[in-house]
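Step one of this worksheet: look at the structure below.
Lettered A, B, C, D and E in written order, each chain numbered from 1.
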Amino acid sequence: MSAEKNNKQGQQLPLTNPATLDSHIDEDDIEETSPWKDTCKHLQKNRFAITGFLIILFFVLFGLLAPLLTSYSYQGQDLANRLQPPSSEHWFGTDDVGRDIFTRIAYGARVSLQVGFFAVTGALVFGTLLGMIAGYFGRWIDTIISRIFDILLAFPSILLAIAVVAILGASLQNALIAIAIINIPIFGRIVRSKVISLREEEFIMAARAQGMKNGRIIFHHILPNSAAPIIVQATLGFGTAILDAAALGFLGLGAQPPTPEWGAMLAGSRDFIQLAPWTLIFPGISIMLVVLGFNLIGDGLRDALDPKMKN
Amino acid sequence: MTAYIIRRLLHLIPVLIGMTLITFSIVHLIPGNPAQTILGEAATQEAVKNLEESMGLNEPYIKQYGIYVTDLLKGDLGTSLRTKAAITKEIWPHIAATFELTFFAMLFAIFIGVNAGIISAWKQNSWFDFLAMLFALVGVSIPVFWLALMEQWVFAQELGWFPAYGRENSRDPIAAITQFYVLDALIHLDFPRVFTILKHLLLPSIALGTIPMAIIARMTRSSMLEVMQSDYIRTVRAKGGGQFLVIYKHALKNATIPVLTVIGLQTGVLLGGAILTETIFSWPGIGRYVFEAINYRDYPVIQSGILVIAFLFVMINLIVDILYTYIDPRIKY
Amino acid sequence: ACSGDGGADPSASEEGNEAGNEEGTSEQKGSNAAGDQVLVYARGGDSVSLDFASISDGESSRVTKNIFESLLDYDKESFEVVPGLSHDWEVSDDGLSYTFFLEEDVTFHDGTPFNAEAVKINFERWADPKHKYAFTDQGYAYPLYGTMFGGYKGDDTHNIKEINVINDYEIEFVLKAPQGPFLQNMAMHYFAMTSPAALEKYGPDIGENPVGTGPFKFVSWSKNDQIILEKFADYRKEGLPKLDQVIFEVIPENSARLIALRSGEVDIIDGINPDDAAGIESEEGLELYVRGENNVGFLGMNVEKEPLNDKLVRQAINYAVDTEAIVEALYADYATTAINLIPPNYFGYNEEIKAYGHDVERAQELLAEAGYDNGFELDLWVMPVSRPYMPDPETVAEIVQSNLEEVGITTNIVREEWAPYLEKTGKGEHELYLLGWSGSNGDPDYFFDSLLHGDSIGGENRSFYKNNEVDELIDQAGAEIDQGQRAELYKQVQAILHEEAPGVNIVHSTPLAAAKSEVKNFIPHPSTSDPLEEVEIATE
Amino acid sequence: MTKPLLEVKGLKKYFEIRGGVFGRKTGEIKAVDDVSFTVREGEILGIVGESGCGKSTTGKSILRLIEPSAGEVTFAGRKITHLDSEELRKLRKDMQIIFQDPYASLNPRHTVEKIIGEPLLVHGTISAEERKKRVKELLKVVGLSSYHASRYPHQFSGGQRQRIGIARALANHPQLIICDEPVSALDVSVQSQILNLMQKLREEFQLTYVFIAHDLSVVKHISDRVGVMYLGGLMELADKDKLYEGPKHPYTQALLSAVPTPDPDDVRERIILKGDVPSPANPPTGCVFHTRCPQAMDICKTVKPAFEEVEDNHFVACHLFIM
Amino acid sequence: MLEVILELQDLHTHFFTDKGEIPAVDGVSLSVHKGEVVGIVGESGCGKSVTSLSVMQLIPSPPGKIVSGKIKFKGEEIVSASNKRMKQIRGNEIAMIFQEPMTSLDPLFTIGNQIMEGIQLHEKISKQDARNRAMALLRLVGIPRANEIVDSYPHQLSGGMRQRVMIAMSMACNPDLLIADEPTTALDVTIQAQILDLMRQLNKEKQTAILLITHDLGIVAEICDRVVVMYAGQVIEEGTTREILKYPNHPYTKGLIRSLPTMNKKEQRLYSIPGTVPKPKMGRVGCRFAPRCDLAFERCFQETPPLFELGKIRKSRCFLNEQTEGGRAENDKTTAGS
């Protein structure tokens, strides 16, 4: 009878039979994805993130295609046509030396995106390195590096940036360095805390138990798993770097003329707010949009990569 | 808890030492010559040299640092090279001005941010939530100085609703006692003046407070949402607690902790951001004081100003940490 | 002294000066105020110190001008010397001795009587770094004294040999050599009289506690915010000053300052963007004021640096820079294109010199001749602050940059903060640089000697220009007393400089100020330090 | 009797509690306090105990994944506690560990192939191709299919992940595997699969296990000998049957009686212990169990009982038996 | 038979997620009588918690939703009850305790405050009285020094103490039904014994019906009167504890029991059910257990078996029961017993 059969089955240790051992996998249950594909899928569903992506794409193209979009040069002055309001000739009007604002904004997109890119890359490389070292090796190395981070973070970032620029001299490049420097502890801390929490993870301990060397553990196990917060911070950092560069530009400590950096454009036009508001409105909106774009993407990435991540 | 506070204070010591080291080195790294600065555009090299000597600028760095720190401990921030006035005396009104501005900016940011965050979390995925969060995202993306200029243009120039500059009506200055004008006016029981001062505070506070407001709103929302998924909230519900009890008693208090951290950190951002806002709104604050000092290479002022701002920032975060202990009984280490 | 919100003068009505659209509380506030004659003067920066002789910035002297008086004074609208604290003076024939006859019955704000001894103490304080009131240890220095009188006590070049008190109200200055602009210098408000009692009392804090004999006395100063002065009741001129209170307000942003004027929060503003001038002029209730020409804005060249050491290159740059366009574009109509270093209204101005004019081809020819057909690169230093002669240096730099680009000279704009800018250009780290000079005594000597004399290298001669012939001419003119002679000599200097072209003279601006129409008798002075004693506010 | 493979002598691990400005030591958690035992070749030594009693710390300290504070660990005649880091790294080939949490112990960003292949790579004895082959082999051994190799851990269920973890541990033919609660995160029906697999592997590869668990029945099922831990120390250690049938230590007795059995006819007298397990940061003096012991005596409060062999192969740390 | 306190009829609770609709509870029917202890057993993810949360209507929503079915509490249908009514019921008439004592108490409020809150929500009572009640409750659940503990914060208590506090809280209003979702899973064996002891005692003294959710058959044997076995969102077997443990009917239940290592069994190898518990999915046909079942035949894959009634309170969801309705149970006894 069936009951007997059942009984037998139980005693006939199914172990030796690989077919039964091959634990049943309901193929439908399996998501055919890698962690990265998963993220992309997530992102595609996030309307905010897509908007952000489109905004950035727009500015990238705007910057790249600038020479095709406009016949003016970003430094070509036309003193006879200063402070012209927006018109079919000058879509965004002209500034106080008669340059076409649309053109300057287009070329300015290049500047801002580059600033974001280099500042973030610099901060990311050094921050990640330091954070990694501090987090992984701990002890006095950690104490020293963390203290330095603490101290750097005790200064309001823009103030520190101003001081750095004051030391190095005012230029776009130095502003960029300053922004990178102020961002190092931010990345560093994120990486450090991530590494510390990962260090306690069992799969890292497992890696050590396999007899892996520190280098391998750091680069093959810890780094890829710390990527999520780093990527999110990098995206958001892109935005803040652009904002900071604009602030430095506005204070005259960033890009120097005739570089069409948006913050510097605002600084140069601040006296014309009543006379020619367009000289301020368009660069301001551009900054806002680009930063918004990065924030939207960063937010989306945060949700996609690690919904539980905060800050 | 006092032990915690003491430990927290002791923790500050290395940070403070590091800060003095940094401010000291910033000043020594900044190219330029203080003696030249004092003597101005028409001084001879020799005069510069003499002055350097009398100022002790040719001493070894270690010794200069020692003197700097000893003076600091005595509460002496040095003398401004430009104005020859004692910085300790000169800096206070600037700190007060910035503090007042930062305070109101933060007040604005917290009030709007926290409430928007709560409502967003409560009505998750509603149109309010959507708009508030979109607005918050835009808010974190606006350059402070641009917002300030636009406000000035629209509300001071075009509409004339608010004053374009300063802390109060310049025709009729207050007899300052504490240098916190709102407080001073209250001490004088001069309520119309309180109103005037608040009116002056409004535009710069909004300009300065927008970014923190947006960040606080987002933080409040996400931390509320997270808390609302927690087990203990489910417990409250299982006891028969309604949405109001859940949100305003349990969720809010628990969500406050990360929000407080953000508030502490954002205050630092505000102190920094004040440099821009203060220039645009002619606010005689510390940011402008330092920035001008950098422009004129007024080294002692740069040094002290940066140090004081950083110190304030550290203190605010200390207060935040201490506040935690009131909110969160778990903190005791 | 207590600030002005206490002792109200209830008799006054405050309609007039509160004309702006201030909120409803203004009435209440007005009754608290010191009186109806309160003038708010808004400017872009704060004073550095109120010890006028130890600093040289315009924002300080703008205030001290109204607290202190010098032995001599300038005319309201020009640099013509008129009596100040001395009602009369005598010059010896050899030009080596000057005797001043002082006003009697004058007291300082603190009640100390003003007399010859006080004058002597003041001058000695500036001349002698070891003087007990010199406060050199606290960082005090008196650079303008050194510049104007050839140095300090003990220097060979120090021109004031001795100061003799003849009696309480007569004082004699004995010079080592005749000095052409001596009286002109004595009228500078840097050399104004501080109460010796106050020097004793405040010591190095004197910079924050000014005590003079002028029409207004100091009340309070909140840094970066406002300085409050009030009427000095015992002022020596009967019936003056007319204002009860003057408040100097700091509003850094040009646009905010104008908004404040428009809304009636302030009465006078200085530093107006020329582009706004037209609007102000046509606006009901506002008055535009134009200061006399008294400055030059130029593009300097460090002639020690290649290729600027080549005269041809310098001339080429002169041809390349379209000064006229700059002036037209950036100064509205409130400036003239500069040809010479000194403004056209100065004596000794050489009218025969013709401007280089904008001539790209000529410039290119010259460059080719000098062997630079392929162009070259230069650093163009731009000052970070706006000055009366150049409200927007950055834009000037951008135009210059694009002008030079046309003739094949590439320029990199270099920006430094103000103090290092001065320091580094003083040391010659720069190549091209923007700067300017404002007269403060109306004498050409102040321009030529400071800016282009070989002895001023390391000081204000940031072009590092040294030409013996020019130096000699300047020295000669400095020691000459006859104005006609001096004028001739300066004309020769200008001719040489034009040919040598150590810089491009760009502009003589007429800085603008604006006030509400109710403000009467406001006469802006070319030195930018405006006497306010006669200003009053029309109440109806 | 086979020779001992692993000898643990006086193992201690105190975690320092640091505080204050300069991270001074302000206290210590006595996670493992003087533990000694031996594991013979081919046997399974079970270690049971309640949460926080130091089981995992013991396991990890043996492998020096956590640096022990004191004591000596000898593995196959070599003193592990004296090896330098490179020697230790090489030795890790022979001693492996399987963790409790099948979710946390696999790197989520690596494919199964990489996870299992990596130990082969780092001890680099075979070519890339052989490695691939071996990974497939290992998958088969633990009952997974070779086509699973390209998948990521999150695509598997808990039981399957645990199999991956086991495959990884097996990669380099270890002699000893420390199993740190390998089944306690699994469902009952899956738990038995894994237990069976582990038993099979032991037979097939002559493995030695130290099997840590808090589930007494699981330990009983799989082990040859069992040690009972309480608050950082071993209370009792004996052959499985001796221990389960004749527990000597009052704690073991209470523990055994507290386990609910799915047998409705099993009506035992329950010994319900009073109170909670004390904190290892502040353990009781004397015998650590005296605060909850139903048979505590005066001496228990002051004198720490030694861990002694009271019968043949039956170790107990209790004053009741030493006197 | 005693009064029925809770009755679920064909309850369907689904989650609407990005990955589609998940039928976490897929037609569950069960009942709890007054004073009775009913256990729900089943492996992780089979829908035990969702069932219990459905009763309390505390399923996170969105994404969860009761799609169909009835929940009758003392005869009152509460799926459609108003929010207000549910608030009255929760904590007052039905109380619930959860698996994680560590996280189920608000860390920022004192124990006393949290217990009082529950009382004050349902009764008009002064603060002082509420506090006294709270202390009495703490004593009731065997907490020493109740007057001190009442003012301490959750983090100051151990896991076992916290679970006692949770129980005290749930008993505050003398509920008719206590739902306990794996109340001892996070606790140690010795502490678990304490808690089970306490629950048994409360059940006896207060006649509170308990719906105990667990995956541990040992606990079921210890304290439950009746057991409901769930598998993949469905009830697959139901009966008295003794019957189920001794004479399981459904192949899954059988397998489950046999795969347990127990203290008394002496087997070299354990039985093991191959495969893993399937994730709930819409539109599944056939017996949920069929893919893992040794006895499965074609029909099992094509039709979902109904719950066969095998006696008054005995049910099983297996087609094998169809063939030999009556004698089935007999047969089972002999085989399993051998």
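The definition used in the following text is that contacts are C-beta pairs under 8 Å (C-beta built on N, C-alpha and C of every residue); 3 or more make two chains touch, one makes a residue touch a chain.
Every value quoted in this text rests on a predicted model; they were computed, and no experiment measured them.
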Ordered by label, the neighbours common to chain A and chain E are B, D
Most contact pairs found between chains B-C
By Cα centroid distance, the chain farthest from chain D is C
Cα centre of chain B to Cα centre of chain E, whole Å, reads 54
In whole angstrom, the CA-centroid distance of chain C from chain D equals 87
For the pair chain A and chain C, the C-alpha centroid-to-centroid distance in angstrom is 50
Contacts with two or more other chains occur in chain D at residues 157, 159-160, 190, 193, 196
The positions of chain B in contact with two or more other chains are 14, 31, 149, 152-153, 157, 280, 294
Touching two or more other chains in chain C are residues 253, 255, 259, 384, 417
Listed in rising order, the residues of chain B that touch chain E in the complex are 229-242, 245, 250, 253-254, 327-330
Interface with chain C, chain B side, in the complex: residues 31-33, 36-45, 47, 51, 54-55, 79, 81-85, 90, 93-94, 97, 149, 152-153, 156-157, 160, 163-167, 169-176, 192-193, 195-196, 199, 279-282, 284, 288-289, 292, 294-298
Chain B contacts chain A in the complex at 14-15, 18-19, 22, 26, 29-31, 137-138, 140-146, 149-150, 152-153, 157, 219, 222-223, 226, 258, 262, 268-273, 275-276, 280, 287, 290-291, 294, 302, 306, 309-310, 313-314
The residues of chain D that touch chain E in their complex are 50-51, 157, 159-160, 187-193, 195-196, 199, 214, 216-218, 220-222, 244, 254-266, 270, 272-273, 276-277, 292
In the complex, the residues of chain E that touch chain B are 56, 58, 60, 83, 87-92, 95-96, 98, 100, 103-109, 114, 117-118, 121-122, 153, 155, 166, 169-170
